[in-house]
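Each structure below is given as structure tokens.
There are two complexes below, and they share chain A, which is joined by chain B in the first and by chain C in the second.
This part shows the complex of A and B:
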């Protein structure tokens, strides 16, 4: 009974939020109109066009990027056994953003091709973060050090990004929304080629989930049980980076989805098995869809950036997590 | 600590000073003067020596066009860079002592963001706000954030704990800044964006007056009270055991640290890492004695921000790199270095 409930309930929640997402906004649409837009689409009816080409596309982007970031954060927190890591706190988002901006400035990359520099940037950022946290080793809490290193990497990359943008502000006018981390009206164009990449990565995550479950027991134990530790760890890390980067390529650096969702998932279903993977996927989509509804309604008719909403709420959650992590350390010591 | 020289003036004043400080401080002052003069002559517009001298010493009405430009724009900018750098350094050092963490800095702990939020919110609601009031508003913002961060991070002072508390507060405040940015008109937006990244390119005479007023009031307060810092370095309990009213002194220094950061934010926006870098350098150069460290830190802070701004506007001219960006890149590297070697600082205090 419980597995069925866990599978169905979050999905129902996502559907309810999706309908709300289509309904709410600068102009509220009633349900009949949304139904007509789906089943009896009339291209001359302006409201239908808004529902399909502005809200539905936006909803699709929110669901995909939310799911990708949720799973990415879940995988990262699981293999590193650290509740503070996520694509944004490890610097992956900032690194990807930085490399994309550089590729636009120097080589004029556009559209799907941006995925390549984004991936390179994400990987460079992770390596840099690991390197710095290695330098910091030997003092303080290693979990906090990793995040400290990540935030320094983020500062470094975003300073360079700000500089490159200031070199030729006119060339980046169209990218401003993307830079802050926002769902734009035309983001669905780049969603189409990213979605297959994300789907492959999600399948990889499902296939590897057994090995990763064992990995959590500890490296020696996992090796004794016949798991190729390096392959499982490296593969999962790569999967997480690919997922995060595919989301960044579409919407820019939206933070904290990947940080918050795994915590909710662990409260509901623990960390073992494929159910948690499913939950973090749906959970990520729910969180980002909700944030997007807030972004469009909180200060209507002005539309906030989704990145702003996530930064505000996610920053507070991050603060609470840091305080909790420190308290737990204090009680153990 | 190497040799100590005691400076005696009459019967009442006797200042013990380390030889190293007596060597380093004049060198830094000289470097600062030379740098200021160099900065006056460097730039997209070449200044002749005569113009620079004229701008310095002649009354403004008598100046020719080029000398006038120097007097109106370049001189305030250089003066603000030096003063702001020194104030950020003082703020950073005080925060490091109060939080007992060698990585603290008004930018990293969120004081600058707090001041930024209040200043931006106020200038958005009342666009005609005179700049004198902005200083006080910034103080409210930075003090509020300082109390929040230090209050929340009270139990995790050593290591990265309090830094992460500050960083997460920074993230929340950053989101608030974005909300204010999108609420304003496009005109306000473009002006506020430049300022919210930390830049000296918008500085003018009014900013200089603001920063100077605060500087003149705060620096004597800091220097005269800096002897009280020494017991705090031993930790709160030891300080109490020595008979120091630790709580009152802590409160005083938090207020002072916030007050040092506030006018800088009002004039040139949030600039992080200057406090971290200069205090780090100062401690390594002159050791422990608080008065000496804070003076050395302020001199090097002025040097750092002046060179960050000057290099930023001349290195790739006509492209201008804002001082905030220049400082961040160098600052991160210093942060890592400081964190690596920070164990000595914290172990000495614990």
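This part shows the complex of A and C:
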């Protein structure tokens, strides 16, 4: 019974939020109109165009990127056994953003091709973060050190990003929203090629899920039980980076989804098994869809950046998590 | 019953970053035998166990399960023959006891396979053997130290290897649970398996093990029946403490000379 409820209820919540997402905005649409836009689409009806080409596309982007970031954060927190890590706090988002800006400035990269520098940037950031936290080894709590290293890396990459943008501000005008983390009106164009990459990464996460569960028992114990530790850890890390970077490529560095969602999931279903993976996916989509509804209604008719909404609400949750971790050292935050 | 073989080290050398940890170590544990390894801290006991479980490769020499060199087996093939219970492993608090024990079956499953009837039967047997079947729905975080160690032991039993390696399985446990774990280990050995445990308590080693290997500075100092090996001279040589030995109730007791009356 419980597994059925856990499978169905979050999905229902996402459907409800999705309908609200389509309905709410600068102009509220009633349900009959939304239904007509889906089943009796009239290209000359301006409201229908808004529902399909502004709201539905935006909704698809929110659902995909939320799901990708939720699963990415869940995988990272699980293999590192650290409740403070996520694509944003490890520097992955900032690294990906930085490499994209560099690729635009020096090589004129555009569109989907930006996934390549974004992936390289995400991986470079993780390596740097690991390297710095290794230097900090032996001082203080290793879990906080990793996040400290991640925030150093984020600061470093963001500074370079800001510098490059300042060199030729006009060239980056179209990227300002993306830099803050935003769902733009044309993001669905880059979503199309990212979604299959994300789907492959999700399948990899499902296949590796049993081995990664056992990894939580410690490297030696897992290896003695038959887990190829390097493959399970490395493969999962790569999967998490690919998912996060695919989201960053579409919407920019939206933070905190990957940080907060795994905590909620652990409270509901623990951190073992495929159910937790499913909940991270749907949970991420729910959180980002919710944040996007807020972004479009809080100061309507003005539309806020989703990155701003997530940054503000997520930042406060992060602060609380750090305080809790500092108060009860030894257990996973 | 799993296929049971002996486990032997044959002239094993092992070093980490140029520092020699094991020197020319040769040792055989036979099926039906409980072998205890004792020695001072840092003598290489735990490293020996890691090598026996195939977690590290010897620089020189061979490690054999029966006549098969572990170096020729895949990770899962090794895990189907040899199970290891590491010292103080971490366990996620939300995990149920049943889920923990069922993880022991990993080496027998393929990536996408679900739990088979055989898996379920072995998980049930393992929980029964360690008296944790009544705890199976409980979360690991709610267990006492003794219950947790029994659950971890059940996980190791579910792995169904003919060779069982235990790294200080009684550390941090109350006396009653220490005896429970060691008694089980001896029972498994006498039922036919090859059981090797790193222990730090001579009295426990003498009470439960059939053979004792004494290690010092990466070498084997002595190997034999407990009362042949756990002598005043060997203890003085290896641990640097003069003791008086007392044999009583089938056990060997060492009392430091400085406090002996």
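Going forward, the second predicted complex is superposed on the first by the 329 of 333 C-alpha atoms of A that agree within 3 Å, B and C clash if a C-alpha of one lies under 4 Å from a C-alpha of the other, contacts with A are read in each partner's own complex, and residues count from 1 in each chain.
We adopt the following convention: a contact is a pair of C-beta atoms (placed from the backbone, for glycine too) under 8 Å apart; a residue touches a chain by one contact, two chains touch by 3 or more.
Every value quoted in this text rests on a predicted model; they were computed, and no experiment measured them.
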item	value
Which of chain B and chain C A:210 touches, first, second, both or neither	second
Partner chain in contact with A:53 - chain B first, chain C second, else both or neither	neither
Chain A residues touched - chain C or chain B, whichever exceeds	B
Which of chain B and chain C A:220 touches, first, second, both or neither	second
Touching partner for A:228 - first (chain B), second (chain C), both, neither	second
Partner chain(s) touched by A:305 [first = chain B, second = chain C, both, neither]	first
Which superposed partner A:130 touches (first chain B, second chain C, both, neither)	neither
Touching partner for A:270 - first (chain B), second (chain C), both, neither	second
Touching both chain B and chain C, residues of chain A	none
Complex contact set, residues of chain C against chain A	50, 53-55, 75-76, 78-80, 82-86, 89-95, 99, 103-104, 106-107, 109, 111-112, 159, 165
Residue ranges of chain A touching chain B (in the complex, touch as defined)	84, 132, 135-136, 138-141, 144-145, 147-148, 151-152, 155-156, 159-160, 162-163, 166-167, 180, 255, 299, 302, 304-305, 307-309, 311-312, 314-316, 318-319, 322-323, 326-327, 330
Contact set on chain B toward chain A in their complex	152, 155-156, 158-161, 163-165, 167-172, 174-176, 178-179, 182-183, 197, 272, 319-322, 324-325, 328-329, 331-332, 335-336, 339-340, 342-343, 346
Complex contact set, residues of chain A against chain C	81, 207, 210-211, 213-214, 216-218, 220-221, 223-228, 266, 270-273, 331-332
